[in-house]
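Beneath this line is the structure, given in structure tokens, with notes to follow.
For clarity, chains are labelled A, B, C and D in written order, and residue numbers in each chain start from 1.
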Amino acid sequence: MPNLNFHPAGRHFLQIPGPSPVPDRILRAISYPTIDHRGPEFGALGRQVLAGIKKMFKTEHPVVIYPASGTGAWEAALTNTMSPGDTVLMYETGHFASLWKKMAERLGLKPEFLGLPGIEGWRRGVQADLIEERLKADTEHRIKAVCVVHNETSTGVTTDIAAVRRAIDSAGHPALLMVDTISGLASADYRHDEWGVDVTISGSQKGLMLPPGISFNALSPKALAASHVAKLPKAFWAWDEIVEMNRTGYWPYTPNTNLLYGLAEAMDMLLEEGLEHVFARHQRLAAACREGVRVWGLETQCVEESCHSPVLTGVMMPEGVDADRVRKLVYENFNMSLGAGLGKLKGLMFRIGHLGECNDLTLMATLSGCEMGLRLAGVPLKGSGVVAAMDYLQSTAQSMARHPAK
Amino acid sequence: MPNLNFHPAGRHFLQIPGPSPVPDRILRAISYPTIDHRGPEFGALGRQVLAGIKKMFKTEHPVVIYPASGTGAWEAALTNTMSPGDTVLMYETGHFASLWKKMAERLGLKPEFLGLPGIEGWRRGVQADLIEERLKADTEHRIKAVCVVHNETSTGVTTDIAAVRRAIDSAGHPALLMVDTISGLASADYRHDEWGVDVTISGSQKGLMLPPGISFNALSPKALAASHVAKLPKAFWAWDEIVEMNRTGYWPYTPNTNLLYGLAEAMDMLLEEGLEHVFARHQRLAAACREGVRVWGLETQCVEESCHSPVLTGVMMPEGVDADRVRKLVYENFNMSLGAGLGKLKGLMFRIGHLGECNDLTLMATLSGCEMGLRLAGVPLKGSGVVAAMDYLQSTAQSMARHPAK
Amino acid sequence: MPNLNFHPAGRHFLQIPGPSPVPDRILRAISYPTIDHRGPEFGALGRQVLAGIKKMFKTEHPVVIYPASGTGAWEAALTNTMSPGDTVLMYETGHFASLWKKMAERLGLKPEFLGLPGIEGWRRGVQADLIEERLKADTEHRIKAVCVVHNETSTGVTTDIAAVRRAIDSAGHPALLMVDTISGLASADYRHDEWGVDVTISGSQKGLMLPPGISFNALSPKALAASHVAKLPKAFWAWDEIVEMNRTGYWPYTPNTNLLYGLAEAMDMLLEEGLEHVFARHQRLAAACREGVRVWGLETQCVEESCHSPVLTGVMMPEGVDADRVRKLVYENFNMSLGAGLGKLKGLMFRIGHLGECNDLTLMATLSGCEMGLRLAGVPLKGSGVVAAMDYLQSTAQSMARHPAK
Amino acid sequence: MPNLNFHPAGRHFLQIPGPSPVPDRILRAISYPTIDHRGPEFGALGRQVLAGIKKMFKTEHPVVIYPASGTGAWEAALTNTMSPGDTVLMYETGHFASLWKKMAERLGLKPEFLGLPGIEGWRRGVQADLIEERLKADTEHRIKAVCVVHNETSTGVTTDIAAVRRAIDSAGHPALLMVDTISGLASADYRHDEWGVDVTISGSQKGLMLPPGISFNALSPKALAASHVAKLPKAFWAWDEIVEMNRTGYWPYTPNTNLLYGLAEAMDMLLEEGLEHVFARHQRLAAACREGVRVWGLETQCVEESCHSPVLTGVMMPEGVDADRVRKLVYENFNMSLGAGLGKLKGLMFRIGHLGECNDLTLMATLSGCEMGLRLAGVPLKGSGVVAAMDYLQSTAQSMARHPAK
């Protein structure tokens, strides 16, 4: 093994908004010997994870699990439902929304890109009224899909998906609704069926606390129907064969067995804690983190109160401060990785991940590292965000120890 | 974790032709904490595996590593180089060659499928003269690629790729040569550059001894050039961005970090042993296995002496014997998984994997399990294949213990 | 990590009579993070393993678990119950019985050593009538304890402990009965309470399938009473404090936490299979092994039909053959470790371990390695023991696959 | 596996002064398959760890490694060198010194217990002048050994061992010097040879970052000579046989193989960082921790400036505060384990461990958990110790990132 910790000692704090730190239970699970993907043990495993993953998306419909990382699941959503030259309405919430649009172009689709001008759109969630307006104008129904990002990993903004659904319905438009919640799933509340989503895209390395390498398409009956007539070439990503073979717990080609072990373990952990408890935990941690940022006198990237992400917090730098220099100081002095500003935001902000298995003291370590790094970089701070976050966490602490008997 | 061994005790023998048993060193390696795929440690890892993987393919040109299982790498080879409606010449060596052809059709290509009739073609390697003949007839050069399988996992036949190259050259045809060595790489000798292959496809879960989940496209300059003009839509699989970012050790999207740890470890193990030693080991084990089959009075699937696979051995059942019943008896009584007959061969044969980390005693255990299973199934055997294999191994044994000082 | 496999490839076969191969589930379990040995989680773990270990010994009385390897548990049994100069009656069944006697001497006791002359006693179990005779002669009851080895790891002979109990009772003698079943426990049937044993000594690295490092004293009320008056100095080994603190699941000093994780997992595995099934499995494997030795034309070390060990088989070499040369050939050529002849038997025999997680195919691999090694050493064999063992296993095979639903 | 984390989510912070958190590299190392402890691989491992461990103690003389936890190594030091009824001069620095004295009594020795009255002695290091005075009075040289604790785990006080050596020398007394540095080794500087120590006792689960289960006696020639005439019974602990067999890398009985894997890995890590760097790191972390305690307005247990431990910090509670209630609040609300006050100090203080792999952010998390817990318990704090520690760490930060090339 190459040495993968360049620091002289101790635990690395991986506080980027994904891949998130993988809990020990899951790391052990993925290291079990690989089994025959055509044998009875695998079938039992397959049926278990296929049943469990529906609970994660809150859906009764099929969820396709790909042995590929998240970008592949974006491609899968598009190639299964679209035909060459189709128009898709996408919404620019940030860097990842932009990458998805770029992919749509590479695949031969015609994306229209809505959004607020400049970086304003990168500080707010999807403005559902813009979508409604555009769809109403599309009287010929040339738009085949509305594609939005639920939790923008590049900004820390979480969009109200139910509002997007309502916008489509108000417009009486037949477009499919496709949602990327790669970084939202299992840390932020998500409801595939209730919100009327047709295809939800997600991945393993965020709220599910797994290494990268598997990704998901949650489907609706309408999406499945669309896949039967869509004309973009598809083979590896094709839903039909997978959904068919999944009935017995198998896949048409070799699945990523060891990550499925991890997925089984991750879902056990999430359901043991309770999904609603998981979501509340992340809301509380995110609130503490924002409290810290506020007291530092810095701005969060997200400026829309209802859209703050429970997954990550984007921290804007004051004019003239290079966020990447702060990150480098934190990395070199305090053995912690933070997320960089991406695309338009490069150097202007950094991102703090508090998703997955994050808890109070991990957040406190993280904010301490940030505060020390900001000071080393000479960023003037109005107060100690660490103290503010600590106050918040202490005042909202509840004894969360589970009873031993449980 | 679900219980993944339905047997009452002891080690499961996974003797299918892949996924192969994953050595302990590799299982430990993949269970190290996931790191930031944008940080300096990852860059060091990336550069290491990208340099090492070239040695595995014996190439000086780029090898693309996908965070996806092998079927994806088939798709990548086609979508990067072909345009809609292109004709590709494929050769039916067995089930996997047939699946690749089916994929080409799904992707909108026009595969021509050469091969000997019936199951004859499934018992022999690629007949290079058939390819040469067909290419000579293609005076308009409508055929854009010749696609063959190096090691047919469904049959145990290994094709002479250099001969296929010579056939193309003799025909003076500009078609690309694409080779699937998913199950051959790192157990059977393979020479991407020397054999003039344009795209080689491989995967992690065979000779590289990893779990499934990463796959490869080894490229030639000609293939790279073709990718700049090919018109099939491609995004996730697109070589250009990956090759560009790989220069510094990174990927354009989230890589399968933990399997890359395993890949680094696997290549260390293979290079410590020496690739030529690895190949010789597998040739010797395969010869012992065939000696056992011969003494049982059974036929190997492969009937061409020069094409026996060092990776697996296909064993034909006598008329009237259901190979899957034998496999089930072996599985239930002796806790061993064997490969099933696929496609045309379903029920007619089973497959013994001796790839990856296989050694003498693992092979002896495997053949013992087969011999007992065959007898339990009432298959008349002419002699003890176990004794024959043992004789072979003993007579060719050399003290292989490494000196402690090494 | 130093490289701990000097061989070029593949799984090492560890077929010594302990440490036995540690199953993957247990290796994963011992690698969980160490916890606070004074916290509530540890108490839950402690109570679980302390309850479970009683089932392993078939006792209702306390079992002391030491954070020390097996030799320590021998010392513990003696120092807790004996006073300086006490006479103990020990019985020479082999090398380990001799080592225990040597220890008694070092501790200032006066062991009397019964046994048959020469190596005869090393080929048979304890002759209970010799013990009865000696005890009857001890009318002053100077003998304070009778110490025997249940399963002699150096020979492959398993003694009838109930018969020893009857001998003591027939003699009407008050001596304590102390039994070493370090290598017997959890592979061979053992009944601490039913057989009236006062102290049973065992260890982790044999039938319990753990690494070495924890060991046991199962007690009787009579042994506990003896410990209150015994005068040998004792502190680390003292039962009183440990038994007292164990009531709540804790230890007076730092326990070997990570091996206790493994113990919990091991007991889960043994109880899932069922102890009686475990014992039957080992009896069947041992019978197959002996059938192999018989057909080779070699002698087992054990010559008493009722005493063959289900744990290991000692194989005598023909005159003039150096058993250690055979072992070296097997090790260097076939990557398998066999047990050496110990003490009086050095070079005269080798030992095949088939304890712990051993199953049919592992035994077949083992016997194949032995047969090839014997031949390489030029030992004349009358027939193929491998074939004989295979016949035995095949004819006694029962479908042991557990139902997936289980 | 039983569930060993009763908390709903995230990493447990194990901030007791040992067992310390075991780094991932070490947990992986101890989970490698157990090997034959009589085979050549083991010999290579044995020689490696026996050579390496001398560097840890800074000695050229033998270090005995026991497959037993630390309390056993105390017993070993005494039984190898003392005879029944011997007088030993021990010094009461805290709870563990008291336990060692109790052990000496149980073993039949006559300990004299020096120390300051009340809890005063538990707040200071060994007062070497008291020892010198007592030894000078022992003109008949009845005192056979001086036994002191280097780093008192129960208090956070580290004694100047060189001063104790000088005291003995000044008195011209032949007593052996025995030192317990169970919790000091490899986090606090220690020099067996330079300081003229005769027997140093240590264990695995502290600065060496291993799980509990192995322990050490570092010897001097004088101690070895004493062991040849000492009369306490000894067998398991006897140095002679172990030192003899260690010459080739083996042990007379079964060693704790898997923990030796971990030891090899741990020593690699410590030597990669550099022992002097390790010591400086712990001094800096301890200083930051004390700065936090000072600003809270609380007292450290240690009141002697030169004796503050780099391993742990004892924190005294104000009158009327139950330290165990604070610990319970911290445990239940913030998923962190702190050390309890022991013996005389029960309920009066808690202990913060910052040994082993501790780094800046782990310490910040720890202090945050303490500060929140203290507040939840209603303890009046004068200021934020978290801010104070952060200031200290920031102002002393140096970029510690290792160059990738290293």
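In this section, contacts are C-beta pairs under 8 Å (C-beta built on N, C-alpha and C of every residue); 3 or more make two chains touch, one makes a residue touch a chain.
Since the structure is predicted, the reported quantities are computational estimates derived from the model, not experimental observations.
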item: For chain A and chain B, chains touching each; value: C, D
item: Pair exhibiting more inter-chain C-beta contacts, A-C or C-D; value: C-D
item: Between chain B and chain C, centroid-to-centroid distance (C-alpha), Å; value: 44
item: Whole-Å gap separating chain A and chain C, where each centre is the average of the chain's CA atoms; value: 53
item: Distance between the centres, which are taken as Cα means, of chain D and chain C, whole angstrom; value: 35
item: Chain B residues counted as touching two or more neighbouring chains; value: 6, 21, 28, 31-33, 40-41, 44, 331, 404
item: Residues of chain D defined as touching chain C within the complex; value: 1-2, 4-6, 12, 14, 16, 18-19, 21-22, 27-41, 44-45, 48, 66-72, 74-75, 79, 84, 103, 106-108, 203, 205, 211-213, 232-236, 238, 253-259, 261, 264-265, 331, 337, 340
item: List of chain B residues in touch with chain C within their complex; value: 6-11, 13, 21, 23, 273, 277-278, 281, 329, 331-336, 357-362, 364-366, 368-369, 371-372, 375-376, 384, 386-387, 390, 393-394, 397-404, 406
item: Interfacial residue positions of chain C with respect to chain A in the complex; value: 24, 28, 31-33, 40-41, 43-44, 404
